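Can you keep this structure in mind? I'll have questions shortly.
Chain lettering (A, B and C) follows the sequence in which the chains are written, and residue indices restart at 1 in each chain.
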Amino acid sequence: MKATTPTQDLMRGIWRENPVLVQMLGLCPALAVTNTVANSLAMGIATFFVLLGSSLLVSLLRHLIPNEVRISAYILIIATFVTVAEMGLEAIVPEVHKALGAFIALIVVNCMILGRQEAFASKRPVGRALLDAVGTGVGFLIALFLMGAFREIIGMGSFLGQPLFGPHYEPWVVMILPPGGFLTLGALLIALSWFQKRRAAGAATAAALAAEGGAA
Amino acid sequence: MGDLFWILLSAMIVNNFTLAMFLGLCPFFGVSARVETALRMGLANIFVLVLTALCSWALNTYVLVYAPYLRLISFIVVIASLVQIVEMAIKKLSPTLFRQLGIFLPLITTNCAILGLAIFQTNRGYGLAEGLFFAVGAGLGLTLALVLMASIRETTELSDVPDVTRGTGLVLIIAGTLSLAFMGFAGLLSAA
Amino acid sequence: MSAEVTPSPEFDEAPPVSPFKLLGTLGIAGALAGLLLVTVFQITQPSIQAYKAKVLRQAVLEVLGGPQEYETLYVVDGALTNELPAGADARALEKVYLGIDEDGSPDGFAIPAAKPGFQDVVSLIFGYDPATGQLRGMKVLANKETPGLGDSIEKKAWFTGQFAGRSVPLVAVKKGTGSGDATEVDMITGATISSRTVIKAINEALERVRGMVDAYRPGAAGAGGAER
């Protein structure tokens, strides 16, 4: 494995290897609960908490867990943190708990979390594992926030419950319904891919110009 | 009986697990390139879902009454172990069946549809019969979504789509359209 | 995975760890996880229960429209009782709530009901007064109907407000075409199925429990009749 700097560990998950937009992990919550900004943020924060806790523990225990049972041990750790998060949410903000419903429990099967444990936290010291967890968690939060904002603004004409467009705006209700989730993520991915293609084309043109200039 | 029928059709069509509740997306995007594989994945899913319904009913009735906070952990551990045992049994008893379905079994265990079924079954207080109908409905719904998706993807592979949409973007837009189509079934099973 | 074919690949692997060590590790991890969960459960449970009780109380008192106290009754063997039968699980039993006014005398029932709607099950609670045969109020507790159309059954005050004072069985009519009869309930334009679901849920639930409600004599089931 290539050595990375702490900054790379932190920044990688946020954009270049964004769990949702680039790696296509954790799609289930990203599509299911992003119908409003508030729900997206709550889900992002809950997942962040679970990821941070599990990475910390897995990294601390990495020399103690035998290789043969590591996946079971990771799942046990993750499930514990998810249960803690679920009970905490229900006790502190019951309305949010009701809105997210079964999808809080489903954080357990978010492949993003298990993936980070297997690929990173189980092999690195605690500090690096935490940086990586923060980066990935923030990246997940950003992706969910983008989707939630897009869907709420178009589908309800509001942002965090505040009406934006006045009473004459006819909300595009389908965006906060299930199809809106698929369409929003699809549109986001296509937009990203368009940007990348453009940048690649731009870089190619620049390189060609530079080569021309060098030759002249 | 009417209720059981409603549970089955609701999980299969109106509240389709994949297209309306976003459960089981990994196989939906990962194994939906060919109709044949999609169909087999769907069948394996029905099988595991029914096992899950049995398991979670037993856990809910006999164990979790005393320790509700162990719900998630025990669901995951018990379902994963059971699927592995069944996988070994199938491998021994019927190598043909194993080649058809077996390779999908480990993939399915960590699929949100499985845990989702167990959790929804618990939250709604379903008994054994209701749970089984729910599982069969959910499995059929998954299979339906997978096969539809695969048949559309087989066609789009050869068609001339804009370059930037190639890949997951296009699949998501197709999924959105399918989900939109399934919304048309709402009201099908309602009281009126 | 190497492409090299070895007859028995297990000889190439690291020496196997003893199964007892594996079991031990998982056992310790499981015990620690259990301990943590029990602790958090003990800390959070009181506020979770308190919130659930508060939500239920608000809904019951709202649809009873008057009484400030209520008593939980369980449906056991086709009759209502205020005492939980020995060994029964309270969560598995159907319940109705008996309103109790300031003098301690019974005043109306709050009855939960549920029925499949446009998308998924709509659950609600309504207040019913056996003395007059009229409804006291209706509140939708949970629905997944279309936002902006079907979910008006929960959010539009003119719809939820019209149930108070209606006689049963209810009759659904298109808004503005009613003859003014006391059984008529206006449906929401664009949400006919959702509106009709609410009306049918109430009619069916009443049909089921009306006999029990009329037969119930507070205090008859035991000395602690009016206690909560």
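Convention: a residue touches a chain if its C-beta (ideal position, glycine included) is under 8 Å from a C-beta of that chain, and two chains touch if they have at least 3 such contacts.
Quick caveat: nothing in here was measured; it's all calculated off a predicted structure.
Visitor: Between B-C and A-B, which chain pair is linked by the larger number of C-beta contacts?
Guide: A-B
Visitor: Select the chain whose centre, defined as the mean of its C-alpha atoms, is least distant from the mean of all protein C-alpha atoms.
Guide: Located nearest the centre of all protein C-alpha atoms is chain B.
Visitor: Can you give the whole-Å distance between the Cα centres of chain A and chain C?
Guide: Roughly 34 Å separates the two chain centres.
Visitor: In angstrom, rounded to a whole number, how far apart do the mean CA points of chain B and chain C lie?
Guide: Spacing between the chain centres: roughly 27 Å.
Visitor: State, to the nearest whole Å, the distance from the C-alpha centre of chain A to the C-alpha centre of chain B.
Guide: Inter-chain centre distance comes to 23 Å.
Visitor: Do you know which chain B residues sit against two or more other chains?
Guide: Chain B, residues with two or more chain partners: 69, 73.
Visitor: Check each residue of chain A and list the ones that touch at least two other chains.
Guide: Where chain A meets two or more other chains at a single residue, that happens at 72, 76, 79-80, 83, 87, 177.
Visitor: At least two partner chains per residue is the criterion; list those residues in chain C.
Guide: Residues 30, 33, 37, 40-41, 146.
Visitor: Any idea which chain C residues touch chain B in the complex?
Guide: 30, 33-34, 37-38, 40-41, 89, 91-92, 115-120, 146, 192-193, 196-197, 200-201
Visitor: Spell out the part of chain C that touches chain A in their complex, as residue ranges.
Guide: Against chain A, the touching part of chain C is residues 14, 17, 21-22, 25-26, 29-30, 33, 36-37, 40-41, 43-45, 47-48, 51, 55, 146-149.
Visitor: Name, in rising order, each residue of chain A that touches chain B in their complex.
Guide: 24, 27-28, 31-32, 72, 75-76, 79-80, 82-83, 86-87, 101-102, 105-106, 108-109, 111, 114, 174, 177-183, 185-187, 189-190, 193-194, 197
Visitor: Taking the touch rule as given, give the residues of chain B at its contact with chain C in the complex, in rising order.
Guide: 6, 10, 14-15, 65, 68-70, 73, 125, 186-187, 189-192
Visitor: Which of the residues in chain A come into contact with chain C in the complex?
Guide: 64-69, 72-73, 76-77, 79-80, 83-84, 87-88, 90-92, 94, 155-156, 171, 173, 176-177
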